[in-house]
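Here subunit A shows up in two complexes: once beside subunit B, once beside subunit C.
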Partner chain A sequence: MNPRRSWMIVPAHDPDAVARCQEHKPDVVVLDLEYSVPPKSKEAARAGLADAVKKLGEAQVDAFVRVERDTRWADVRAAMHRGLKGIVFPGPDAPEEVSDLGNHIAAMEKERGLDPGIVELVLMLESAKGFWNAAAIAQASPRVTALGVGRIDLTMQLGPLPQDEFRLYRFLMTRTLVAARMLGQQPLGALWRPGSRGGEATKAGTAKAAREARLMGFTGCVCATAEQVAPVNEGFAPA
Partner chain B sequence: MNNRVSRCAMFVTPTNPRFIDKAWTRGGDVYILDIEDSIAPAEKQRCRTLIRESIEKANKGGASIYVRINKPFVDADLPYAVWPGVDRIMLPKTESAADLRHAHEIILRLEKERGIPPNSIELSPMIESALGTMNIYELLTATPRKIYSQGGAGGYDMSVDLGIEMFADFDQYTFPVAYVALAAMSLDIEATGGVFIPNTSGRVDQSDQAAKQAAAFHAAHIHHAGALHPAFIQPLISGLTPTAEEVAWANKVVDAFDQLTDAGEAVGRLDGKVIDKYEYKLAKRTLDWAAACAAKDAYKARALSRAQAA
Partner chain C sequence: MTTQTMPSGADGSPLAGEKLTPKYIRRSLLALSIDDPQLAQKAFASWADAVILDAAKRPDRNWQEDLKARMPAAIHAAARGGAEVFVRIERDTAVAELDATIFAGLSGVVLKGATGPDDVVTVSRRLSALEVARGIAGGSLEIDVEVNTPGAVWHSLEIARASPRFGVFLINEAELCRNLGMQASPTLDFDPLEYIKSQLITVATSVGGQALGMSYPLSLTEENANDDAVAKAVRRARDTGFKGAVCPHASWIKFCNEGFRPSSEEAAYYVKVIEVFAEGIKRGMASVPIDGKMIDVPVDVRAKLYLKWANRAQERDDEKARAHAKPGA
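And now, the complex of A and B:
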């Protein structure tokens, strides 16, 4: 399997961004139905997935679709086409949510004539409930291949500490790492710092966050913007 | 009244008239009437008998009242601690669900006997040991009573139990603090504690330390702090209250996000900063907290002027 260091978010409603996403050389393309898609463009984003997934699959690119927690059933339905590697599920709270979504994916595989079990599931933890249940959540479906730390400073309102880190951040990263490694899943995350994270992060800040995460045991992370792909690939490369 | 605002919960000893008689003039959000560590064994019984009259003395300035009881004397302490006017019972060295259920049942009986609405007095398990830390989830879910999770953030007892030197210049409570906080957050229970401020002085009375602590807590979005010395009260209260600038910014964020939503957008920019559902939630939280602080301050001001006039 190719390394999966950089998971680049590509807004699925933006045909130009989708067409050009490979120029940035991400290890993984994540077609987004969530944060980067405005509500008014959601239907267009879903409608474009069949074609985008097919093309990326033919180009041997690892193509995932990030669904929105509250609309995940319809989002998965829109994403399930030949060429899809997997689904990214942000913010699971409980094991049943993951097993239910896994079953939904299985039903869709059957309906769309895909090989049973071929579509992976990647979980991004974003809530206190999710982190408390991390190990149980990660083993709730045999499809889960990666377990990650989402934008928890925002989703969990973790403010900055005097030592230029977010409150609880290292603990939650390590808790995720242990659960992922226990289950043979890829640990995803970066040690984002206050002032350099998300779409705001500089290239240097991104490289540092990735490098520190690699030292902590992580092997890849989500890139909110195309500019982050190169520093993330570099940061997660073995020294 | 406004019990959720406890920017500064200050320990007072009911047996010391100098402290208890003046407490109401010092402006604390909360006074904790202590029957535990600040009271010598020979004084415990006298302290118990002073609790009821101490409530009315300490809350004259509009403060909420908590009572901290003794782990080995739960049965003996509670009949002296559960009275109208008491907002919360603090249960030190809580280690198991059974500890919490035992206290809860006695409080419930006393509430019924004394005309206090059942389950209205909150219960605060203080996590001060390895066992309490590891049992946190089950003890937080042990009773139907409203729970505030307290502790895990160091302190004398926790340090002794874990064999930690507490006056060190690095944070050695990362695991217990985070584990307790995560359990509480996963249950939507408010938790205190969480930001380590180096203090190698061995002293707890320095008000510059209080301002530093308040700034760190405020930045980390933590609203509650405790104090052992009155010099901490004002720095903590002002430091944990949103500033006028923060409130103005939060209002701008809410307005900008409402406009975005109307336009069918989810992410936008305001003065060069990203505005999205997360910033919106944080802004709402700031406004909500600012309003709660203002209500508490107004309540305290009214109580204070009544008390001064009397």
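And now, the complex of A and C:
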């Protein structure tokens, strides 16, 4: 299987965005229940998942749902429909959180008549604790297939201003890479630079961030905007 | 260069932090095959501090018996120029390889492919049995770990603590890059292994051992670069905390031997520091100036440590010189 290079975040409450997401040719569509969804639209976003997951699954698109850490139980319940490839869990801090969520997914697979073990779990590390415990966390469920370096929450917790050089970032990327490779999981992350990060990243900045990450051993990353998909696909393409 | 004498005033008692000087003077390591007909000559001419013997397992014969028959002579040949001798073994066939290659004259083994502490424990146990069986001093054989897997990096602290035999981390950058999915070409404007190197140096030092490696980008290109480039790369590696390097080219060895130690100029400066500070103390001063710099207790302690390091390196060079001067050498 080719590595999933571009993981495009699509706000799950926005039917137009969901309908058009495939135009950008992402390797993975991540229906989002986290930051891109305003709190007042969260219920609508959850309610729309059954249809969105089904349609993406029928179109052979790898569809994931990014849950919110604090509401992950209800979010997973809303996401578990035929066609779902996996759950993106941002900010795990401890192995038990991952094994518990894995068990919850297993229960939901049974309830919804899905094949046991079919739903993957992707972990995005976003805390100091999470990075330090990366290997134990990533081993806590056999469902974990990818381990990634989170973005906004991480900078907020560790302190640097997001617009400046985040000097810890390469250390955190290295730790993620080593853990993921040791466990045979996909390492996700890009070397975002000041002024070209998150939703503000330019196409050129995104391509550079992806290319440098590929040289460092990563094989894909999250795309905060649709415009980042093409440069990410290009940056992670083998040389 | 001759050994610098500790000035009067340094009483020879253990210094605070003395263990911070390198445990081994192992600045340059050269890998040679026991099948190399030039083994003895190459080892002798190299002036390497240590030789790593690679013993290929020949599939067309009983490789264990074959190696058992050949290893003692290979160890003797590799040591002729005064080098310490190690044998490299693979994790997956470690026990069988140990049985075939461990003989008197070895300083230890280089274990390649380890992914966790259990691998070191397995090797350590076997070495204990072989030390008894083959008349080698108990506990004397060292285990050095060649880091080429993500597991060895992640579990480096457990690996280093797994046996008192642990001595050194050697970083096999090309294989480690491949196993991390990194491009093993220096196309980035930073060293992608920077933090891994920092970790291995810190971990090895924390258990009283040391780490061997080269600085980026020469660490990845491994090219037969010009003298100036190698000398500078060695200096950067020493400043990072490495105490030596495996040399892919014999031409690197001279620069590693000269660069992974305080230079003669540094040593002379430390002697001056120690003398001037001791005089100052006698006059009741807490700090004294030298060339516009203030010398106080930490600077004095560091000078003594570095001088000791320089002297030990010189002693090692003298040892090798004696080995080269032996009749029939």
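By definition in this document, the second predicted complex is superposed on the first by the 223 of 239 C-alpha atoms of A that agree within 3 Å, B and C clash if a C-alpha of one lies under 4 Å from a C-alpha of the other, contacts with A are read in each partner's own complex, and residues count from 1 in each chain.
Here is the rule we use: a contact is a pair of C-beta atoms (placed from the backbone, for glycine too) under 8 Å apart; a residue touches a chain by one contact, two chains touch by 3 or more.
Note that the coordinates shown come from a computational prediction; the quantities given were computed from them, not determined experimentally.
A.B. asks: Report for A:E234: first if it touches subunit B alone, second if subunit C alone, otherwise both or neither.
C.D. replies: Touch partners of A:E234: none, neither subunit B nor subunit C.
A.B. asks: In the superposed arrangement, does A:D100 touch subunit B (first), subunit C (second), both or neither?
C.D. replies: Once the two structures are laid over each other on A, A:D100 reaches no partner at all.
A.B. asks: Between subunit B and subunit C, whom does A:G217 touch in the aligned arrangement: first, second, both, or neither?
C.D. replies: Second partner only, subunit C.
A.B. asks: In the three-chain superposition, say which chain, subunit B or subunit C, touches more residues of subunit A.
C.D. replies: More residues of subunit A are touched by B.
A.B. asks: Does the superposition put A:E109 against subunit B (first), subunit C (second), both, or neither?
C.D. replies: In the superposition, A:E109 contacts neither subunit B nor subunit C.
A.B. asks: Touching A:P187 in the superposition: subunit B (first), subunit C (second), both, neither?
C.D. replies: second
A.B. asks: Is A:K129 in contact with subunit B, with subunit C, with both, or with neither (first, second, both, neither)?
C.D. replies: A:K129 contacts subunit B only, not subunit C.
A.B. asks: Name the contact category of A:F171: first (subunit B only), second (subunit C only), both, or neither.
C.D. replies: both
A.B. asks: In the superposed arrangement, which partner chain does A:K40 touch: subunit B (first), subunit C (second), both, or neither?
C.D. replies: Only subunit B is touched by A:K40; subunit C is not.
A.B. asks: Can you give me the overlap between the subunit B contact set and the subunit C contact set on subunit A?
C.D. replies: In the superposed arrangement, which is not itself an observed complex, subunit A uses residues 170-171, 175 for both subunit B and subunit C.
A.B. asks: Mind pulling up the subunit C residues that touch subunit A in the complex?
C.D. replies: 115, 149-151, 153-154, 177, 179-183, 187-188, 190, 192, 194-196
A.B. asks: Looking at the complex, which residues from subunit B come into contact with subunit A?
C.D. replies: Contacts found on subunit B: 137, 174-175, 178-179, 181-183, 185-186, 194-197, 216, 219-222, 263-267, 274, 276, 278-279, 281-282, 285.
A.B. asks: What residues of subunit A sit close enough to touch subunit C in their complex?
C.D. replies: Listed in rising order, the residues are 135, 170-171, 174-175, 177-179, 181-182, 187, 212, 214-219, 239.
A.B. asks: Going by the contact rule at the top, pick out the subunit A residues touching subunit B in the complex.
C.D. replies: Residues in contact with subunit B: 35-41, 127-129, 131-133, 151, 154-162, 167-168, 170-172, 175, 198-200.
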